[in-house]
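In what comes next, subunit A is part of two complexes: it sits with subunit B in the first one and with subunit C in the second one.
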Partner chain A sequence: MDFVQNFPCFSIILCLFAGIISSGFKDKAALRINTGLLVIVTFLNGATLLYTLETGESFVYVMGKFPAPWGNEIRAGVLEALTALFFCVIMLLSLLGGRHKLLEEVEAGKTYLYYVLTDLLLSSLLALVYTNDMFTAYVFVEINTISACGLIMIRQNGRTIEAAVRYMIMSLLGSGLLLLGLCMLYDLTGHLLMSNIRQSVAQIAANDAYVIPLIVSIVLMSVGICIKSALFPFHAWLPDAYGYSTVSSAAILSSLVSKGYIFLLIKIIYRVIGFDIYHDTRIIDVLFVFGLMGMVFGSLSAIKENDVRRMIAYSSVAQIGYIYMGFGMGTEAGMTASVFHILSHAATKSLLFIAAIGLTDVSGGSRKFIELTGAAYRNKWAGAAFTVGSLSMVGVPLFSGFISKLLFAQAAVQNHTKMLPALIVLGISTILNAIYFMKTVIRIYTPVGYSAYPSITFAKMRVYAVTLIAFILLNVILGISSQPVVDMIRQGLSMFS
Partner chain B sequence: MSRRKPNEEYDKTMAGRFFGWLSGSKDPYLGRVEMQAQEEKVLPSETIIERMREAQMRRDKVYDPEANTLARLFHKIYTASAVLFCIALVGVLLVTVSYLPPSGNADNPVNNVVSERYIEDGLQETGALNIVSGMILTYRAFDTFGETNVLFIATCCVMILLMVDDAILKKQEAMSDRRFEPKNDAILQGTAFVLTPIIFIFGIYIILNGHLSPGGGFSGGAIIGAGLILYTSAFGFHKTQRFFDEHIYKIAKITALCMYGLIGTYFYVTGANGIENHIPLGIPGHILSSGIILPINFCVGLEVACTMYAFYALFRRGGL
Partner chain C sequence: MGPNLLINYGEAVAMLLFGIGFGNLLLQPNLIKKIIGLNIMDTAVYLFLAEKGYIAGRVAPIITGGVQDVEAYINPIPSGLVLTGIVVSVSVSALMLALTIRLYRRYHTLDLDEISRQLKKEGL
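Entry: the complex of A and B
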């Protein structure tokens, strides 16, 4: 066995250790541990990605000396390693970009707890990505939920507490449904390991034995994850949670936490239930319809909003809708588009949140559009970054959003029954996206002769500006050289089944 | 050549008046028009509050179900649909249960190779008489490490919410939270004096015998935590802090979790790479046996006891 195969396990364990050790240190040391950890884990996952690309096949890592159905297992293929690498990079950039706000908004002496939470959150995300065992997934879903709640409420004002309570209730409901589905599935198959469950499920489906409980358990798990990742009718918790928490939290929650659950759903579809059986249950059509509704209604709510942070948050609802629409296509191409959109949306949404905070900071801390007039002249870097993010969200060529929309459209064309609604809603949603994002861009570039608010120079925000540049580069790279990434996703998905 | 006029004369000419007005040195209206400085309009703070109250009242009126029939209708429909949805969900789940394999049947899918190996080979492979301990701490050690971290992160979140500064804590010391109960309750203190050592010893017994008899780190730790809570509520925080303050709490928690992590990592990595691990299994039934289970139980017990006590202290006064 090659030494590289230890890296997924090492990265999860290192995150847990970093969190535990940070809890005994002061704020500065916790920050250093966190940054060092993120860099190391990024390299570990990069090495894993290179290794899986080189060997061209996935590998299973037994946690302990007991093999498959008895002990715990994690599994790494191209898609897992790619997603994990991406998550680490985005988390590093989000934390760097929001660091100055963190110091302002979090009570002094409690910042170290923020880093403890992010370390553990990263460990849970990595575990969700790499796990090959449904119960391990559930345990880390719990860690994920609790730490996400902490990230929301660490900025203590009334609205964040309310948002955290809402998030907690909805998220626990989702976890509960997931656990119920998991219990039923265990009762039917007698296994918790993904590959064993899949064999048993194939047998059950072939024998026509427990059809109803199987469908119910699939529905429960899917609905649970939909609630946790804020698919359209379950998105009521989202705008407050993303809109009022500190900016790094908003970026991490929108681009990583919800994506972690969606990745788990992909794993359930491919590795636990099997793509064909999942497709035959017709749940996929329900996901398709709600995805389409989310794309329209999320954008409509965003247009109504007069608060730039909440507008970006509502835009997340629309983007999550895109991802579920891709699932709903029920084809390989749709799934590829969805996975690409997970990456592209993660890169773009965190960029938008981080850029928006720069703009509101030079507008007296107000998020109202009227105050933001001309903000891009006062903070040029944030203005440029916000423009890039908006263009990418709208789907302008050269940026990552264009590629994901193109992939969705291609997938829609291949599917005869769902082509028309998918293409029409895709068009409508693009126009709606353009309305609210371009409105904001025009607003921030409207010159005002005299402004009550001072401008900010590069020298005063070096880390912030460099983070924005890194985000922009990430977006442009995803947009220009998308083919290798798409190839990796295709290879990874074929390794799944 | 124009002749220069003296200044007094020049000021009286048209040009002199015009340029004087232009440069601002002379105000033509001064002394001719009645002028008053504008008063800055200051809203008295009472009116602001009044207006806010009015707005609030308007809002209340709009959303008041008594006055607004539409809101009342919406509220009714909302409640009814929520109830219907819950009943439907319960119905679906009940129907599903009837389709599940009947419990206790030997042919159920749950009775397969997995549980067979746990039951038949568990003793030889883990060295634990208590199969459940052997299962959660050896076969599925990674999940249990995750669970322990759930407790850890829950404490962190409670700290974010409820932890207050030391200075405030000192100030509040005078305002005791025992307004409604006697400070030194003789009965409570007497009982705690007798019971606390017994509870501690019982908890330690459960932790150390986790691999031999029912129990283990989670239950034993909870018992020790209960003992600490009893001691604190009888004797107060001052006496508890003599042996268990925030510093010791941090050391205990971090040591326990790190030790668990290190043992776990050693176990996973050696197992996965096919390296012989040098943890002796011992003779089943002896107190020093069953490999990694005993130390892990110890760590879990310490962590759970710390968590229990921390929850109590944070909820009661916002600090350890």
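Entry: the complex of A and C
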């Protein structure tokens, strides 16, 4: 066994221990541990990605000394390593960009708790990405929920606590359904490891036995994950949770936490149930319809919103809709587009949240559109970054959002029955996106003769500006040289099955 | 359908309880009742697991009297899952209760809708 094969396990364990150790340190030390951890884990996952690309196949890492049907396993392929690497980079950048706000909004002496929570969150995300065991996945889903709830309520005011309660309630409903579904699946198959479950499910399906229990279990797990990742009708908690928490939390929640659950659903589709059996259950048609509805209604709510943070939050609902629409196509191409959109949306949405906070800061802290007039002149870097994020969301070439829209459109053309609704809604949604994002961009670039608010210079916000530049670069790189990433996603998906 | 339901009455009860808990967690405006619903829901899943892991006429998988035969004991994995699940649900309930206390101290009510109304008035 090569030494690199230990890295996924190391990164999960490192994050868990860093979280535990940080809780005994002061704010500064916890911050340093967290940053060091993120850099190390990024390198570990990068090495894993290179290793899987080089060998061209996935590997299974046995935890403890129990072999396959009994023990616990970690499995790493190209897609897992790529997603984990991406999650680490986005988390590092989001934390860097929101650091100054965190110090303002959380009382001194308590910010170390924030880093404890992010360490735990990262460990649970990595575990969700890498694990090969359904019950381990459930346990880390709960750890993910608890730490995400902490991230929302670390900034103490009535709004955030209420948002945290609403978030917890929806999440608990979702994880209850997920747990019930996987218990049923365990009863049907007698296994908890994903690869073993898939073999048994294939046998069951071949014998035409237990048709209804299998469908019920698949439906329960899918609906549970849809609720947790805020697919359209279940998004009521989302604007408050993203709109009022501290900015790093909003960026992490929108770009990583919901994506972690969606990645688990991809693993369930490919590695637990099997793509064809999942396809035959027809639940993907339901996902397709709700994805389309989310794309339209999320954007409509965003247009009505008069608060820039909540507007970006509602835009997340629409983007989650895109991802589920890709699942609903039921083709390899649709899945590739969805996975690419997970990455591109993660890069763009965190950029938008971080840039928006720079703009509101130079507008007296108000998030109303009227106050934002001319904000891009007062904070040039945030203005430029917000523009890049908006253009990417709308789908202008050069930026990552364009590539995901292109992939979605290509996937739609391949599926004859779903082509028309998918393309029409894609068009409508793009226009709606353009309305509310361009409205904001025009607003922040409208010159005002005299402003009561002072401008901010590069020297005063070095870390923040460098973070924004890194985000912009990430976005443009994903947009210009998307082919290697798309190839990696295709390779990873083929390793899944 | 009918006779199967009678044989597997434990599972049927578990599903019924799950539905009751799920409905309570989703629909009750009172936060404490919501948490009670959450616990009913989780417990229903444990009942379901325990019922599925039980094999009639066998005992709990703890070696007694030197009997090491597999045939003598029930399936230990569902019991293990139940234990893990209990740990998770205890921590989640504790977190929810802590949040409820926070909200109660601030708004002097347990009604989530009422809290939302007060928040709107605050205009935060």
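The rule is simple: the second predicted complex is superposed on the first by the 497 of 497 C-alpha atoms of A that agree within 3 Å, B and C clash if a C-alpha of one lies under 4 Å from a C-alpha of the other, contacts with A are read in each partner's own complex, and residues count from 1 in each chain.
Simple rule for what comes next: a residue touches a chain if its C-beta (ideal position, glycine included) is under 8 Å from a C-beta of that chain, and two chains touch if they have at least 3 such contacts.
If you're wondering where the values come from, they're calculated on a predicted model, not measured in any experiment.
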Look at A:M153 in the shared chain and tell me whether it touches subunit B only, subunit C only, both, or neither; answer first, second, both or neither. both
If touched residues of subunit A are counted for subunit B and for subunit C, the larger one: B
With both complexes superposed on chain A, which partner does A:L179 reach: first (subunit B), second (subunit C), both or neither? second
Which partner does A:N6 reach: the first (subunit B), the second (subunit C), both, or neither? first
Look at A:D187 in the shared chain and tell me whether it touches subunit B only, subunit C only, both, or neither; answer first, second, both or neither. both
For A:Y61, using the defined touch cut-off, is the partner it touches subunit B, subunit C, both, or neither? Pick first, second, both or neither. first
Per the contact definition in the header, classify A:I435: touching subunit B only (first), subunit C only (second), both, or neither. neither
Could you look at A:F135 and tell me whether it touches subunit B, subunit C, both or neither (first, second, both, neither)? both
After superposition on the shared chain, which partner residues are touched by A:I40: those of subunit B (first), subunit C (second), both, or neither? neither
Touching partner for A:V216 - first (subunit B), second (subunit C), both, neither: first
Which subunit A residues contact subunit B in one complex and subunit C in the other? 135, 139, 142, 146, 149, 153, 180, 186-187
Would you mind writing out the residues of subunit B in touch with subunit A in their complex? 92-93, 95-96, 99-101, 108-115, 117-118, 125, 138-143, 145-147, 149-150, 152-154, 156-157, 159-161, 163, 165, 250-251, 253-254, 257-258, 261, 264-265, 267-274, 277
Give every residue of subunit A touching subunit C within the complex, in rising order. 135, 138-139, 142, 145-146, 149, 153, 157-159, 161-162, 164-166, 168-169, 172-173, 176-177, 179-180, 183, 186-187, 192, 244
Would you mind writing out the residues of subunit C in touch with subunit A in their complex? 18, 21-22, 25-26, 31, 34, 38, 41-42, 45, 48-49, 52, 77-78, 81, 84-85, 88, 91-92, 95-96, 99-100, 102-103, 106-107, 112, 115-116, 118-119, 122, 124
Under the stated contact criterion, what part of subunit A meets subunit B in this complex? 1, 5-6, 9, 13, 16-17, 19-21, 23-24, 61-66, 69-72, 109-110, 113, 116-117, 120, 123, 127, 133, 135-136, 139-140, 142-143, 146-147, 149-150, 153-154, 156, 180, 184, 186-191, 200, 210, 212-213, 216
